[in-house]
């Protein structure tokens, strides 16, 4: 049934109305609190029925974004989020969100509180023993740890055993990024030389370079802690596998270290190596960040953002360099407060995620802010959801880090020069976007605040104003050097340009 | 491979570069002239390689829109359009476009010019005989007739036999809408009382009410002309089926009517009935259109648009009432010059279609304009493609017919009143959008022209200016009565409100 | 719902009974005359209801065979055959049959007689012209010609233009195999040196070596006549494509050759080459066939079978060498009287096909026989259907050409020697079957006649008796030399052993 | 690539040969010991290569059976079994086996020994407490318990706590069927009145009536022990869920009952009720079994089989009443020694399963027998595998319990009378098979022993001879009353005839 059918179902009978109510009631019974979607024949009645039962219905502008929002609700609350779409094209548009949720292992829960499983005792003993014998240990804290609410026990493990740890993108905040044992600033070094790595709900996918040399020692011993048996032993053969709920298993490990107390020596060469690398990396970043004359680079931008970032804010992010560099500079202090493009690297998720987080914050902790850090290309995938943000009056702060392109763009002069003699349909480079696009006006169009900033001072001021206004959304369009890149990396291919 | 991988493939070897070139060369050999997409690792090189070979690469903002654009190129040129996306999420986002192309039977052609088949002679004879004996005949001209380039022969058939005809949405323009034999203004009546209906590349789907009573006589005889055998006999059992290329079969029919000349009497009661109904419908529309005081209604808007519409313009449209009413008022004079949400009723197709048509027009008939008529909800599905339009400097005119909602919305006062005591996340009706949204600023953000119009005069003026500027895109945000509906219909369920 | 559920639906209400009747009535209305399947909860009632309405229900022993039988009915009658299976495992077992039907392009017809399309006139002219200018022409008659009932017109084309022709396996009999223009005995030569090949409902799949060198001249011109546009231009780029019903298009070609009469010179060098090759090939086959001392080879067997084969018999066949060599020796004189493993090379189809043909013959031409020529491995796929044959008293003659293996086997002495020191689960070669298996006893087990034959005389006698008994099925288990192969071929890889 | 291609790959180059070896070596490395399949181009080389590496290759007669055999190896050994088929039809034929394996949760293991998880401690405490407070407790032991090798701990739990238990079909033998606490003979009663049910690796599917009234008390408390989180809470909401390895969790439960010892009172009213029901049911069965005059009924047959059944034999079974009644009479004393049609009720699995078990027994415990109990209809699905059994000399004993039909058949006189005036294709009832079919001759055809038995004495004698011959397979075709049914049941629909 197409969504724009001219025939409206006004001659529906009572039975059909009840159908919508039955669905809404079933969702309510399953603990559904939030529904995202786009109405159309014949699902409009379901939205009405849901509202009548107290379920929040948030109308979005494209099913893609609706589905991403529903996924985020599932991740943040541990309860199912629902995406309401018409059949046919609506369902197909929503597939992106469903695939993304799947890839990130957000399966929403059934109504029953999920059962918790633990690892078998001998395997826990063996894992503890492997950790005790490590010369250069490392914990990697993944999204699974966040989803399992394992923050208290993992922090205890880190502190009691004095172990260095590294969060994955969405594992950030399980232990605060500014914890002295966090070695995020020496990420590559830590991965490359660790001899024992404990994976706490983190998967050896492309983000972790599949666990393979040269990014890892060929003889590294992995201890995998995961809820999913099928995941264990993928890509590498682990030394020990601990199948179970990540919180429960961490507790089991702690019990082992209670029985025979042990801590990794804080004066070890490994800690020294890591600290030195962290110091030099941070110095390099600060050097870049300290650059005052416009155009700004990524580091300048993120250092100023970090200065004003509220400790309890949600950070949502997507993009290429924007997400990757932002992740290293922007700190998370609380678990489940970072949402990004995830395992699948999906573009278009940002605004949906931000909306979900903001709706939740409005209900549960008024005053808590959502900062959505978008590359300019990434913003284009779902930018029209700004209307949704304004309609529901969600005080989200969107930062568009704008380099006029995908990976890299051009400044206006170069662009104009390039297209002087040839039409843009012939000569525009595939990765370039229109220079000096005023994305902030998309926000202004719907009544929010918009800022176009080119200097650190403008950035600081616009951030201050945006944070001060707790009732309205803002979009800060931050112009950076179009050819800005990352700082030099140990693995050269991370920074070499491809154009 | 995720699209935002931090590792850039700068260490690619020659073999990989060649891979991209091989793909581009193969596409070129297949006659591909246009490619739409979003670059990302590892497909950026393919875009570069295609450009080097003279293929136009148009970078879009969401794979959905890219895929819709590629589909439209296939329909308009009869040659394959290509959509370039990264694997994983990019491919999934593109599914909407692929499903839509499928549903609308745009299969792009292989390089070889497709073979043409004709209907068997006895069946053609029988069809001619059924037509000759019709008391109340009707031709329905579908999208298949447009795709088959059958305009010359179908017009000859209409004029030689003096038959009334009705175009389907995308069959409009095969014979001009203002042809005296066009009975579009008496559509319901024509369908309901015809005793013989010749379907020329038109399918009995929901748009044609599946060919069933009460919208048709129970004893109506259908003559189906179609290229696809599986389509024949769906929903109804036709009196005659003519399997073959629609142009070739129409020619066969003409040969029959050359052998034994025949024409349907212009003074028949059937023609009289149809003409009377057309007159009264047109009078009712004009009455509605003549309403001068704001807020405007759909008819006022479309009558003014029609007045200024260039005869050779492409009309692209999507939305609910916007598309349905617009279709009855806006005239097509040329075949393959209307693109809309189609059989599947897919929202989000408009801007991609408009971009494809504009890129083509730029190449093939500079000066030819593209008018994109969007409902406000429809615009939200792919509104960010406005940046693409500005980047490539495509002088598309976008009309957003804005009633603040899906089907129906509210004015600002009602909206504010409604949300005075309750948060929008609780109380906003599912089908409502933000009142008075300034969609025109989305165009201004990227350097195009934007107009916010509330009166017929403002509409006339903004249209005039937009048409006069042949170098820049415009967006006219046309505010209408939020509760505006269609004029009364014979079948009451077409107009009854559902809220 | 599993098929062996202990709970029987005896507490069904009237509504459910009606459900089965509704389905049966709908099938009846669609012209279904035959249903093959295996009953189980909840489909048993459908079988009963179908029988009550006069539909024949044939209960089979495995859904695979049921589905193959239903497919064959569709091919033979042009009306849909139905396969009745339980959901779950029954449906999955039936997939083989459905895939096979698809691959062989048996889509059953809807109730309406299918419309016929013709090729466009200019393409027909061009095809005639290409044929006229051919130096070494060849017609290939495919299964599509048989399905289109094109036998009368194709024979006229062959005879009027004096063209050499070659049938594909299931195209055999459209023009009788013993027609003087049939060059089947020089197949490889004809394909390799023809300069113009007309494909009449034949596809360039693996059976026709994909139309590629070295099996064809690189400059061969193909004229493709097919009902399916997607098929045209696959693998090769044809000189002319004629899209339409094969019978109708052949008639169009004949009309061209009526307008400007033409015939290919019977004294041409091409005919001379072909005739010489046919003579030498036939001599070689006869030489092999004349070998009298056991064990027999394939040619001896098939020459004796051919001697007694009724002219109007259905030949069903599957296996490797059995099907391939049998096809060259066993003659078809009538169209649609050969059914074999087809395009897909599917094993297990034979008995299902034979049952369908025999049920049909019983109804439509009592006395007409079905000869099912099976390799011993092939027979194993569905041998239990012999019970079905006996239960329904279908006088099928099954020939199992038994070489104790797949491709090749061993005699009893070699087998015993081989397994003297090692268990069969370790040492039995993968392609070997048990030597001297008495497949005929599978027939005797259910009351049919069984013969175990080792000499030409025994073969002759058993065939005579089987043909004489028109009321009972027989199975003749024909022992041949286990290492028997084909005669030498021009393309050496056709005869080289692989063990 | 079709399996019967005339072109043999004798011109393969070294690279291709290595391909087969690489595959075989990879399988060997993964611990594969057994491969079942049907060779054909291009997989023959893989079979050879596997044999060279010491993998057993068992050539079957239909891919269906090959796949069922491979599944059974996986279940029995906990290591992957492999099914080798050609692409195309071979793969499709194998789908039945793959679907069946999936439905029965046989996912074969990766090379690494699977990690073991336990339930969380508080949930174990709660489960123990619920059990302690049960008035009418029941353990249900499922196939998952067998697969987890939990027999030792489950038996300890049964005996220590003195709990009544009920095995599911493939859970039989985890604790011996003749254990005094087994209440299998009062199955319906036990399910219907238990107030607390512990599911140990058993799922609430149709075999367990989905856990719903009237087969269960509406207030029954389920404690679910399962390895699969998705399975927990299906159909019913359990009181406690214990997620983890079934053996490990049972051990956790035992530890709870060690801490605070508890046992269910053997003199309780519940035990009394169950024992009385068991006694009366067993008396009724014995009454039926004692019937001496032919034709025999199911109970007579199974009681005589049970008398001679070796304690360590594998029992394989499929059919409707044959499997259902056989399951109640034939005793299992060892875990993983029963294989039947399973959750999916798949027909055609029997011979494949029996072959797998027999190949395994030959290797691991020579002398151990496989008894395959088949309904006559079930046997037809894969009866040709008898040749495989004979070829590999597997001393399987096949019992065909023959009632001339599916559910019910007719005797010869009734059958002949019924078909006197009408052809069988018109008048044969869908569920009937040929009366007095001599299935034993299918075994004789390939050199095994065949018996046709009609009396208890003949049955006893043939069983004795079959068991005595440890080198040869036998098939005993046991004729029973064609209208034989089950004894009367508490739930009337279990016994009401449907014909």
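To keep things simple, chains are lettered A, B, C and D as they appear, and every chain counts its residues starting from 1.
In this text, a contact is a pair of C-beta atoms (placed from the backbone, for glycine too) under 8 Å apart; a residue touches a chain by one contact, two chains touch by 3 or more.
This structure is a prediction, so every number in the text was calculated from the model and none was measured.
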{"item": "Shared chain contacts [subunit C and subunit D, defined touch]", "value": "none"}
{"item": "Chain whose mean Cα position lies farthest from subunit A", "value": "C"}
{"item": "Gap in Å, rounded to a whole number, between the CA centres of subunit C and subunit A", "value": "59"}
{"item": "Whole-Å separation of chain centres (CA-atom averages), subunit A against subunit B", "value": "38"}
{"item": "Where subunit B and subunit C are represented by their mean Cα positions, the distance between them in whole Å", "value": "48"}
{"item": "Junction residues of subunit B - those touching two or more other chains", "value": "none"}
{"item": "Complex contacts: residues of subunit B adjacent to subunit C", "value": "110, 112, 114-121, 123, 227, 229, 232-233, 237-238, 241-245, 248"}
{"item": "Residues of subunit D defined as touching subunit C within the complex", "value": "1-11, 37-40, 44, 47-48, 51, 56-59, 61-62, 64, 88-90, 92-93, 95-96, 99-100, 206, 318-320, 323-324, 341, 343-348, 359, 362-363, 377, 379-384, 387, 390-393, 406-407, 423-426, 428, 430-434, 437-442, 444-447, 491-494, 496-498"}
